[in-house]
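Here the structure is laid out as structure tokens; the discussion comes afterwards.
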Amino acid sequence: MKEKLSEEIMALRAAKEFQDGNIINLGAGIPNLCAMFIPEGRNIMFESENGALGYGGIIMVDEFEKVEIQHIDAGGRYFLPKEGMSFFDMGTSLDLMRGGRLDITCLGAYQVSAKGDLANWAIPGDISVGIGGGMDLVYGSKRVIVIMEHVTKNGEFKILNECTYPVTGKKCVSVLVTDIAVIEPTKEGLVLKEYAPGWTAEEIQKLTEPKLLLADDLKEIEL
Amino acid sequence: MNKVLPSFEEAIAGIPDGASIALNNWGLAGGPQNLILALRERGVKDLTVMTQNFMYTPFPEEVVVMPFMLLPQMRKLVAGFFAAASRYADTTNLPSEFIEKEKELEKEVIGHGNFTAVLRAAAGGMGPFYSPVGIGTTVEEGREKRNFDGKEYILFSPLQPDFAFVRADKADRYGNLTYNGTCRCLNPVLAMAAKTTIVEVDELVEPGEFSPEEIVTPAAFVDRIVVNEVGGRGSYEYTMKKLHELLSIPEVRGAIIGAAKKFVDDGEDN
Amino acid sequence: MKEKLSEEIMALRAAKEFQDGNIINLGAGIPNLCAMFIPEGRNIMFESENGALGYGGIIMVDEFEKVEIQHIDAGGRYFLPKEGMSFFDMGTSLDLMRGGRLDITCLGAYQVSAKGDLANWAIPGDISVGIGGGMDLVYGSKRVIVIMEHVTKNGEFKILNECTYPVTGKKCVSVLVTDIAVIEPTKEGLVLKEYAPGWTAEEIQKLTEPKLLLADDLKEIEL
Amino acid sequence: MNKVLPSFEEAIAGIPDGASIALNNWGLAGGPQNLILALRERGVKDLTVMTQNFMYTPFPEEVVVMPFMLLPQMRKLVAGFFAAASRYADTTNLPSEFIEKEKELEKEVIGHGNFTAVLRAAAGGMGPFYSPVGIGTTVEEGREKRNFDGKEYILFSPLQPDFAFVRADKADRYGNLTYNGTCRCLNPVLAMAAKTTIVEVDELVEPGEFSPEEIVTPAAFVDRIVVNEVGGRGSYEYTMKKLHELLSIPEVRGAIIGAAKKFVDDGEDN
């Protein structure tokens, strides 16, 4: 088996999409790592659904003394204050999200469909967990970047003709970064834009249910 | 005009069986811990609890008190996010009573945006509204859908809680409130939405100490206030101290700092 | 013609309805005078639709030096600051009004109907002025106190079987204070509760289109 | 991330004929006076103006600049309250152009509550909503009515302005805003509702000078900022000075202090 991209490298690739001045919401897990890889010279404001904007870095284990309980993000991580930061209520936060003021939402997924549908909140038949703010985020954000492994641990497709898991939003994915490829959902179908070093389009297609279209400028992922 | 009551018992007096209670839950702070304890102590039944996040907490009760603790007294849950206790049953010593109760519970889980919006519609005395969020998902089920200008929407009705348990930082006796950091979260929305708003604060200030511009919740939305004991249980200082005691244990530290992971599988983003 | 109550006396009578701790919105004109007649020992918070609560007295002509342009009420009067005062946006203000947090709205009227309908914003056929916050106030307030002259300057009925002017709200009037009577709309009809000194029920009925019911405890206005 | 522009001309660049512009108007302060002047200067046409109060002002233009001045450039008005210039035509020297234009103007006057609500629905990316206010009145006309649980409501659709002209007190260069007193009014709602939010402020502060809790409008809702000249036209200081010059004239004083009466007949309450 060829080498797949690490979580950090996937985050690094996704973060290349961040433009100067962007307001960005990072989901828990790999998306959160993107904060460590912001391209130089680009000022980003991070937004957290529980009502914070423009806060500083996430506190790491070796800085635990700095934890303040009133500085927590949506995923339960503690952050550092930063000049220009603001706090507001959840009504305002959801308005911000749904109302189109978020440039990018970056989140994980169980499945992505050929049309760009996203499934990331529930497993079929499992009613033990439910919804949160994902539906609002993917509805309102100008761009939705999904980061996930290309196939499940058992080798099953995660990129499918149709999602078999309950969807979070329809036709909402702007770009998909996996551990072997960068794929863009378009009206014509999924377009393979970039491949991980050493991988061919054929090999990626085998791990993808829908037919992949090849970008004119298909290339190796640049990092 | 003095809305301050001397005890949490008095603040929750008159809450009947079957009442609906809305409260904030996001992180260790910003939740009305002593109001929850008082309600548990009183043992009111058949409650409808409305909170943005209804989930089990791995923190011991001595550190933080969350809405989850009311489960045995509940009939119904309305939430934006729900993570079942049963998911953690094997890794914790959760009483089986909780697991059983949770199964029977009537649940309405509609996502954070629609949850906040049904409260805001109630706050503003408005009627039903059409939301674009949830189209094509399970949120549609059993709800009216309608197309406006080529776009689909789902109809939601306002939900007015009988009582809001609001956690603020400071209050004056008229009921003006301020909040600290992310503890603001749902609290100002709750204060406006409920028929009766009961507030737990850490500090009482004299009227006029707040500048009129810094007040977040104006007095009109507040009915009763109780002030936490300085440094006492549920206070900001107490919860900080308890959390940092846990953080000082190296084996626990990682789990707390990366707390999100406890509730996150591959894709989930609450 | 018998003597009618002055504007000040009408305001004094209306202000007797104010209870301790009430949150009250006063309309322009006579209602505004009520602020001068708050019964002793009752703390009132005044609310202004443009986003102020708990402010102090209205600035009078001889105090004009105290005018601050950012302390203006909905009717365009300047007020003094007061401890416990707060400012908020108009969205919050309208929520407060519609959402049931106003104890009393006190306002003027062109007409009141037998059912308690209120007409106070427009003259038929005149499209030169329109609406404002009156409809929200009468919808949301727990009690609506109307203060007006009992008949027009030309002696026409202002209390009618049906309003002939465009209505502000249906069945919304809690109590009506005129310059000769205090009247309460009920399911059974308009109940005459109090009369101005020297006036009889018969005389008041003659100036009122709908049939007035007489309260069991009908009495002279106490001031 | 610097949203500050050097001039009002640059701030309104790109506003096309036919654009919709929302702005606050309540009293002398809290209105974007220099943005209005710049827009008049540029002469953009066929505007839709959205403001809670559209009314003639008896104050001279040197004291205060109000949305009313844009009348010759307007095609449509959406307002909560409207008082026609024609009412004052005989007592003022209003140009006849204004009176004529006003007659032709397409007008949608829906009361303060519904006006604010259509903006808030747009701010939150929501769909249409049912309002209980206006039932049995002329506001019903031409609108869908519906009964829910025995109560009637009127359907309103969100209205998103292309541009908001927002008047704040202070800003930092990221776009965080604070407001003074009743100048807050509609401004924070406008900032959230518009596609593009342009802000006129009296003072620029360094990021971090605001406490994160005192910020009323977070930076995400702001696109462009222009700072008034210290003490210059449209600034708080300037307007205060001009008003007090008028107040020092005994004959004018009474009219200003009792300003309300100018717009009030017997019953009217704006």
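We call the chains A, B, C and D, going by the order they appear; numbering starts again at 1 in every chain.
To be clear about the criterion, contacts are C-beta pairs under 8 Å (C-beta built on N, C-alpha and C of every residue); 3 or more make two chains touch, one makes a residue touch a chain.
Quick caveat: nothing in here was measured; it's all calculated off a predicted structure.
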{"item": "Contact-graph distance - origin subunit B, target subunit D", "value": "1"}
{"item": "Maximum centroid distance from subunit A, chain identifier (CA atoms)", "value": "C"}
{"item": "Result of counting contacting C-beta pairs for B-C and A-B, higher pair", "value": "A-B"}
{"item": "Whole-Å gap separating subunit A and subunit C, where each centre is the average of the chain's CA atoms", "value": "56"}
{"item": "Intercentroid distance (Cα basis), subunit D paired with subunit C, Å", "value": "28"}
{"item": "Between subunit C and subunit B, distance of the C-alpha-averaged centres to the nearest whole Å", "value": "39"}
{"item": "Multi-chain contact sites of subunit B, meaning residues that touch two or more partners", "value": "117, 120, 124-126, 132, 179-181, 184, 212-213, 216"}
{"item": "Junction residues of subunit C, two or more chains touched", "value": "52, 87-88, 91, 94, 97-98, 139"}
{"item": "Chain-chain contacts as defined at top", "value": "A-B, A-D, B-C, B-D, C-D"}
{"item": "Touch list for subunit D against partner subunit A, complex", "value": "1, 120, 122-126, 172, 174, 176, 192, 206-208, 210, 212-213, 215, 218-221"}
{"item": "Complex contact set, residues of subunit D against subunit C", "value": "26-30, 52-53, 79-84, 86-87, 107, 109-113, 116-117, 120, 132-139, 179-189, 216, 236, 239-240, 243-244, 247, 253-254, 256-264, 266-270"}
{"item": "Residues of subunit A touching subunit D in the complex", "value": "20-21, 23, 43, 45, 47, 52-54, 81, 83-88, 91-92, 94-102, 139-140"}
{"item": "Touch list for subunit B against partner subunit D, complex", "value": "117, 121, 124-132, 148, 151, 153, 157, 178-181, 184, 212-214, 216"}
{"item": "Subunit B-facing residues of subunit A, complex", "value": "27-29, 31-32, 48-52, 59-61, 64-65, 67-78, 87-91, 94, 97-98, 107-110, 117, 119-122, 127-137, 139, 148-149, 166-170"}
